[in-house]
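Below are structures written as structure tokens.
Two complexes, one shared chain (subunit A), two partners (subunit B, subunit C).
So, the complex of A and B:
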């Protein structure tokens, strides 16, 4: 690790001042499970590491206000799993968060970091996308909200501009019933990146949202507005037709975790399973 | 770059020290405090050999800067022994023959300690899940899981 200075700002204003002062030579630190690896590998060579964990406005917190549930930027994945409101309202996010790394990783890694790292295989991304998450972005110049679907640009790239940081992730609290499921293929149960990940959310009104990870340069979502996927009377063949059409948006590559052909074949299989599990949960809801 | 003063409690003893920001907690424990029970292996957060407890939660000390330990409490494998003797969890590892080459064992024990603190009576599946962040190249997983289950039954 090359030498760097370390700062622990107490307020967002102090954090913004440091970000603006050091520009491209600044690096934000929350959970550190990606950043410290980057520092050691020297893929990150900051002059200044800004630790956000003491920032008053970003203290780990999950809150509900109106029709939104808000998760602050320093909330660790373990904190997500320990929140009963998220278990009740966003169970597929719990399932997704539980697959990230190991217990040790989840005690440090943050939900916001998982998103800002912008890995195509980010485990929580499909669940956040399918639930309609939005990202709160702030800088010394003000704040803005970005739909998560517009936040990802490509591998490791987001719409964040220099001087900006993510303060929180919001999830819309649905009024209607819905069923949701997260599914994932991986080589090893713990501490491995996804070969494919998928989250399905079926709304009682008939809309079905499917979101995918590790099968394109960025996580993405598609929706069936026709109601066919959510229709318990629809034939499996007809559902496969719709799924195949939706899956044309996937562009998997071959890598150490699986070939393009394997991913393409498994996409349909995993989509069917996630859809079936979501429909069962919708019925039980 | 200048060192940063921190106040960190390690195995019950509070220490005021200065550390360079580019020092991991793992290197600080091993090189500065000579607590070499915590092992360095993958340096990526994949193997779990460097597992310690931070305010009671298992973490990979290779993925943390020592300066992040300021005002926190760290427990290493050296902090588990009681009166210079292995504690009951460590004894269970010995009794079940869970220790082969031994390199991964401090991390396994710390991960098991954390698991049992959250879930005193885990199933085998829960033990496997709880220790999935700890690799054993000797392949001693069966005995390691047996040891954790035995410690659980003994109420440690």
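So, the complex of A and C:
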């Protein structure tokens, strides 16, 4: 680990001042489960680590305002799992969050950190994408909201500019019934990075959203507006045609977790399964 | 006492993090060492510039090969081939070219990054095929083995075993296949760690080793010191599995300590540990002849084992494992031809099972293949061919020393062999046999104190297998005193008498007997003492000691040893003391869409002669089974074209977690008191992983119809096999 300065600002204003001062030499820390690994491996070499855990405005909280559920930046994944509103309305996010690391990791790791790390394989990203999440970005110069689908740029890269940080993630509360499922392929059942991950959300009006991780430079989403995927009467072959068309957006590579060929095959297999599970849950809802 | 599940000595300290490991030992004025390596497998070192590194505040010494005695000392358990630091070239990814010693860990790390190494990447030998290519670069300099006719090749050794006449053997069916076994690493939770300090004209070394006496011998030779001036302290390792059997960086830290006159410590990272130890990978080509009823007619085995850049103990692994390459079966005609090949990869070394998982993968899969072709039951074909007790299944050597069929029947019963099975599921059963320790010696001193408590001195290492507990049980039983009044002292060559090593499941038999004999020596002295004092025969030990040592105190010292001598001309140097026989049965469910395997039930049966501590045996067998599931389902070291490990580290090298365990696990034993150890015991603890792969693979075949002869059975590999089936 290379020596670095450490600051624990008490307010957002203090955090912005530090970010503005240190710019790219600063590194934000919330749960620290990615940052500390990077520091120890010397892949991260910041001069300043800004710990956000004591920032008053970012304290762990999940709140409901109008048609949005807001999750603050320091809310740990374990906190997501403890929230009954998320269990009721965003069950696939619960499923996705439960796959991140181990119980010990989830006590520390934050939902916002999982997104800001911008790993193509971020487990919560497909669920957040499929549910239509947006990201609250703030800096000394003001605030802005970014759709999550526009937030990711590439591996480890987001649209965040110098001086900006994420204060919260918003999830839209849908009025209509939905069925959703998260699934992934891993090399083992215990803690693992995804070979592919998928989240499917079927809306009662017939729209189906599918979001994927680990099969491209960034997590992405696609939608079937035709209603065919959501149609219980549609033939499997017809659904496969639609899925294949949607999956042309995927661009998996070969790495130590799996080959491109296997990932491509699993995209279809797991899409079918997630769709089937989502439809069953919609029917049961 | 014997046959009871006494709680594991040190178990609580291990699981609560209170046990003292090497990394927890802090000596004053210690220097911290960081190694410098290249991001490359095989490279020629052109120049090393340490100027910038030596400017780092806190740096005290930087060593390269040029700073070492010339020629650079080389060492190894069998061949003295491994230099203290790379000389002229690196031969595997991670071989250190320099070592930095500094006042702090951070300074050492920062300086290590500033050591500038100019190097030229060279073509390397990373596979069996590459090693055998006549144009391949030579891994071992011919000058290091001038009298060896193989010196101009990458073949370290060729072995030929066999009996009968394979060419003349008659068979109704010949099954011919090739099998591959991957490189896997030990993944002990405690990475390798070393501390050395100057000590009274010699050196003291703290190292997490299974073999303090060999480390002592090698350090003494490298430094030119008498054994008595080299003290090796080996605190209980945090897992070892064979990977901590032979010296790695002990000579380097010892030299650094003597050069600087200060204690030095080197803690390898997990990644560096992965680069130091692995299991020997191999490719096995087998022709097996059968009669129509399933009786084996012949085995014709040709294998290539891929060693690393230095021989370490891998030659012994290959020698011992292939000696029993036909398994525990009656084979009338056998021919076993083996090549041990050097490569530019991590040195392969001892690893739980010692080559047996590799050879059993082939001989067991062959039996399954024959059973399928002949329409025979896979358990029946094994029972038909298994050696019976007393039968010399390797002509002229230690005969079968157990009722092996009993183990097979027990495993078959536990997996409900033959009962109806759900679609998508399958069962498999496999056996394996390992030659235990051949030659060797263990000594113990037991001190019975005047208050009736006892100190047992034993050079065994307890790396988690429970030797402390079992040896205490033996002493408690023999001396007739409570186990909690016994202290077992291990791991200090200045305090405990010689033990060859903790390996080959030998400690219960060899050291167990030495401790029992030391206690019996005490008991004989006590009887004499009682007679001398004119005391009645049934006087208690404590009363006797009080009567004898009332005023000036004192103690009774017992000495015991157990030796198995070298047998000249024997291919292994001596006959196996016993065989470790194991049977594994598994039921799996295969997801044909993804290739994922779910283990529904997994059974191991170990023929242990006598379980001195049944819970310890069960834990060892369960642990071994889970470790076996690692190389069966997910573990393999992946190399890129330049010999770099692609999945270096815990994130990308996967081992089973609690969530990967079979839904149901059973670890059963067979006890017929037919072993050479105390109370009829045999060694245990390796068997559970020896037949995992063939048992699980056979179950996958029953579930899917596909036969896979490469490991591990990753979801992708199983999926690909299913795709080929469906073409």
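What we mean here is this: the second predicted complex is superposed on the first by the 285 of 285 C-alpha atoms of A that agree within 3 Å, B and C clash if a C-alpha of one lies under 4 Å from a C-alpha of the other, contacts with A are read in each partner's own complex, and residues count from 1 in each chain.
Note that a residue touches a chain if its C-beta (ideal position, glycine included) is under 8 Å from a C-beta of that chain, and two chains touch if they have at least 3 such contacts.
Here the structure is a predicted model, which is why all the values come from computation and not from measurement.
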item: Simultaneous placement of subunit C and subunit B on subunit A, clash or fit; value: clash
item: Touching partner for A:273 - first (subunit B), second (subunit C), both, neither; value: second
item: Touching partner for A:265 - first (subunit B), second (subunit C), both, neither; value: second
item: Touch count on subunit A, higher of subunit B and subunit C; value: B
item: Which of subunit B and subunit C A:44 touches, first, second, both or neither; value: neither
item: First (subunit B), second (subunit C), both or neither touched by A:228; value: neither
item: Contacts of A:108 with subunit B and subunit C, given as first, second, both or neither; value: first
item: First, second, both or neither for A:190, with subunit B first and subunit C second; value: both
item: Subunit B versus subunit C as contact partner of A:17, first or second or both or neither; value: neither
item: Subunit B versus subunit C as contact partner of A:61, first or second or both or neither; value: neither
item: Partner chain(s) touched by A:146 [first = subunit B, second = subunit C, both, neither]; value: neither
item: Common interface positions of subunit A, toward subunit B and toward subunit C; value: 1-3, 189-191
item: Subunit B partner contacts - residues on subunit A that touch it in the complex; value: 1-6, 8, 29, 32-33, 36-37, 39-40, 49, 51, 53, 78, 101-105, 107-108, 189-191
item: List of subunit C residues in touch with subunit A within their complex; value: 106, 109-110, 593-594, 596, 633-634, 638, 646-647, 651-652, 654, 656-660, 714-716, 719-720, 723
item: For the subunit A and subunit C complex, residues of the former touching the latter; value: 1-3, 42, 185, 187-193, 256-259, 262, 265-266, 269-270, 273
item: For the subunit B and subunit A complex, residues of the former touching the latter; value: 1-2, 4, 20-24, 43-46, 48, 51, 54, 57-60, 62-65, 67-68, 70, 111, 114-115, 128-130, 132-134
